[in-house]
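These notes are about the structure you will find just below.
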Amino acid sequence: MLKVTVWNENRHEQKDPLVQEIYPEGIHGAIAGFLKEEPFEVKTATLDEPEHGLTDDVLLGTDVLVWWGHLAHHEVSDAIVEKVKQRVLDGMGLIILHSGHFSKIFKVLMGTSCDLKWREAGEKERIWIVDPSHPIVEGLGEYIELEKEEMYGEHFDIPAPDQLLMVSWFEGGEVFRSGCTYQRGKGKTFYFRPGHETYPTYHHKDIQRVIRNAVKWAKPTELPKPIYGNAKPLEEIKASK
Amino acid sequence: MLKVTVWNENRHEQKDPLVQEIYPEGIHGAIAGFLKEEPFEVKTATLDEPEHGLTDDVLLGTDVLVWWGHLAHHEVSDAIVEKVKQRVLDGMGLIILHSGHFSKIFKVLMGTSCDLKWREAGEKERIWIVDPSHPIVEGLGEYIELEKEEMYGEHFDIPAPDQLLMVSWFEGGEVFRSGCTYQRGKGKTFYFRPGHETYPTYHHKDIQRVIRNAVKWAKPTELPKPIYGNAKPLEEIKASK
Amino acid sequence: MLKVTVWNENRHEQKDPLVQEIYPEGIHGAIAGFLKEEPFEVKTATLDEPEHGLTDDVLLGTDVLVWWGHLAHHEVSDAIVEKVKQRVLDGMGLIILHSGHFSKIFKVLMGTSCDLKWREAGEKERIWIVDPSHPIVEGLGEYIELEKEEMYGEHFDIPAPDQLLMVSWFEGGEVFRSGCTYQRGKGKTFYFRPGHETYPTYHHKDIQRVIRNAVKWAKPTELPKPIYGNAKPLEEIKASK
Amino acid sequence: MLKVTVWNENRHEQKDPLVQEIYPEGIHGAIAGFLKEEPFEVKTATLDEPEHGLTDDVLLGTDVLVWWGHLAHHEVSDAIVEKVKQRVLDGMGLIILHSGHFSKIFKVLMGTSCDLKWREAGEKERIWIVDPSHPIVEGLGEYIELEKEEMYGEHFDIPAPDQLLMVSWFEGGEVFRSGCTYQRGKGKTFYFRPGHETYPTYHHKDIQRVIRNAVKWAKPTELPKPIYGNAKPLEEIKASK
């Protein structure tokens, strides 16, 4: 059974009544909730737990890690970020949500600033599917419409995605590459744009579907870690012919 | 249950005793055999059947089509090729094997000549994995070694693959992009190099594994066909706001 | 000096007074006009000329071909399309504009339907740059704004571009991958969305800049055509060691 | 005139007579030498200079930076690496050579371990061109043959290149993705494999050609830095309609 850990900064939930109302069990609780509809073993972890809830045991026992953060990216320990990165290179899937674009882990995996434009105006977003062949979009229609969301606009300073699955349209005149896959080592990473804390985005059926699909897609590929370093001598290779 | 059709030209098998000896049930029979180890519903079809065995019913009932051809690409009817292409755009997976690089269906989907270098000298091939994150390489080691294979060498005149999974090394000094994925419409296509008819390549456990993995990866994504053509008038859009 | 041929269907110009007013020298004339600001040798060719103006001499003497067509894609001879395709594979650059998405040459190079959504409502378009590193976007700002254009919307049924440079936003709620590069053989192809015949799009300075940049980018790479077919025998290779 | 800085660790040159013999003016001197055949303004910088020769003035005055390092990656200051990275995101081209795959700057831009297999056995390498359309391969033949080079073998732990231009074959049985382009921010990066210090690789005409071509390709694209952060309010946008 696929083992999923949902990590959440869990800070807005501590102090913003609106967020509490929308996500009474926290954003992590909401996400864990709909992931449990699949045959996944789902746990949660949050910033203020020891080691941010991401101990070696937890990381080694995680097939796919889902990440939501916003206010406190700088409080995430560099040592933990390094461990998460190593786990991704070793095969763990990673789903980065919304403002996680500015998380340390996403930035170190991308190598760019991951900066973007934003506007909090409760405007309409339409997430158009541009690759209808990909398993992450299974079960969707042509687009997902969100009545109110924060705007994220281009230029989004990321490497060209390996696969671009979705592009958002915003009422105010911006577009955004909203669904992007990246291979890093043996691991698969997916960035998915929507999910501002003051809107009920993670209660939307299609948003939930995308995240469930993404977790399945990101599951580790089983094969031995490649062998790096000094290779067998040429003499030995020639002798064996 | 995933419905797989294995298509084979089945001409070498009619006249070459060596091929008959290696593949007594035909190349299609051999491939269908190891695909049946999975929970797939597997059928075969060959060139000399009416409509090459690819009637509308067969095509509509196929989730993933596996294709092997060599001597008689030109005998495949353009009308059937057009139907297969349409099915791919509508979501059917397509696995093109070895000399299928020169099949009409692969060439129309690629838009290039699909030409390459070749040499029949029973030389050693090593198929190195360059993307260890991809589900198609699951269960393999660092490379697949084939003691004797036909050489295919670069330049291979294909579009840059969406994902390059494997690169072959040949004894005589050539390399080749051996495992390539392509999205076309709602369908997923995979080209896999090895499989010359005079070598027992399709009896090799790792080659079988790649093809089984590829069939699973290529399964259709379920979502409605996108709507094309004239869109809703702008007045109507504005009025509905 | 780079030799550029601007091909235009030139049919709207024959019968639509509005188009005649906007483009008194035809769309080809307008495009050739601003291309001449560069050190290019610029010619034009149109559908109704013998061989559509694309004789062997013209094609062999063309480094980069710019293509605009709309009403009469089906009147373009298959033989000429085949010749243009061959020239692209041999290194000629190809710039496909706007409704050229449905031209035979674009469809055969892509391998997909190249279908899309459209709406003629004179709505606002914003073409956002998503890859600010690419030479084709040199000299632009963050986006190009066109007050009135035809809408083209996703899903655009093309292969995933090698490089996605621009994404359009439309007033009515759609997005579109508007600037896409593709390698085909030795040739480079660029699709650029804007340019409906009833709007003065090709008089816009930034649109002109993109097309000039694209022509420079698409210039042929000088190297010998790869050698295809039967390669040197392995014995000979081994003997030479 | 394009301003190029060739950076070299310059340590092998201090202590290895063989390297001194092959590169009497250092690897940086050899590379600067053949770059001067182009209309470039070429400077060099080395590890042991103050700030590694990469002061703010030097970096701001550099259009394209060429990088060779091997023994002392860990001695390169993190602060300088951060400045180089920022310059790349702002548009400076970066050419990473050979053992530079393990430099801090390449690793932070890639987000992966950049690890690989290697063997020093003076074996034959053939660098095959797989994308004959790209300006970096202009003027080459089908492949570059190096009689003696260090082997680098897959798996090479890099993100899938934006464009894969070359693949190496090695006598001992390995392959390697030897020519890889990456967009990062406004900057273009190219990794080029060959160049072990004990072989006269940078005296090879085709290797020189690739590096000259790469410098031209990597030149900065002129356009304003994208605007990031809080965007114009929606009310203002609506009011302006």
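Residue numbering begins at 1 within each chain, and the chains themselves are lettered A, B, C and D in the order written.
By definition in this document, contacts are C-beta pairs under 8 Å (C-beta built on N, C-alpha and C of every residue); 3 or more make two chains touch, one makes a residue touch a chain.
It should be emphasised that the depicted structure is a prediction, and the values quoted were computed from it without experimental measurement.
Number of steps on the shortest path from chain B to chain C, with steps defined by chain touch: 1. Between chain A and chain C, two chains of identical sequence, the interface residue sets overlap for the most part, with shared numbers making up over half of the total. Superposing the C-alpha atoms of chain C onto those of chain D requires a rotation of 180 degrees, given to the nearest 5. Chain A and chain B, compared by their mean Cα positions, are separated by 32 Å. One inter-chain figure worth recording: chain B and chain D are separated by 36 Å, centre to centre, where each centre is the mean of the chain's CA atoms.
The multi-chain contact residues of chain D, meaning those touching 2 or more other chains, are 129, 131-132, 142, 153-155, 160, 162-163, 173-174, 183-185, 226-227. Contact topology of the protein chains: fully connected, every pair of chains touching.
By the touch criterion stated above, chain C contacts chain B in their complex at residues 85, 89, 108-113, 115-119, 121, 123, 151, 153-155, 157, 159-160, 162, 171-174, 182-185, 226-235, 237.
Residues of chain C that touch chain D in their complex: 91, 129, 131-135, 137-142, 162-163, 183-188, 221-224, 226-227.
Those residues of chain D that touch chain B in the complex are listed here as 126, 128-132, 142, 153-156, 160, 163-164, 167-170, 173-175, 177.
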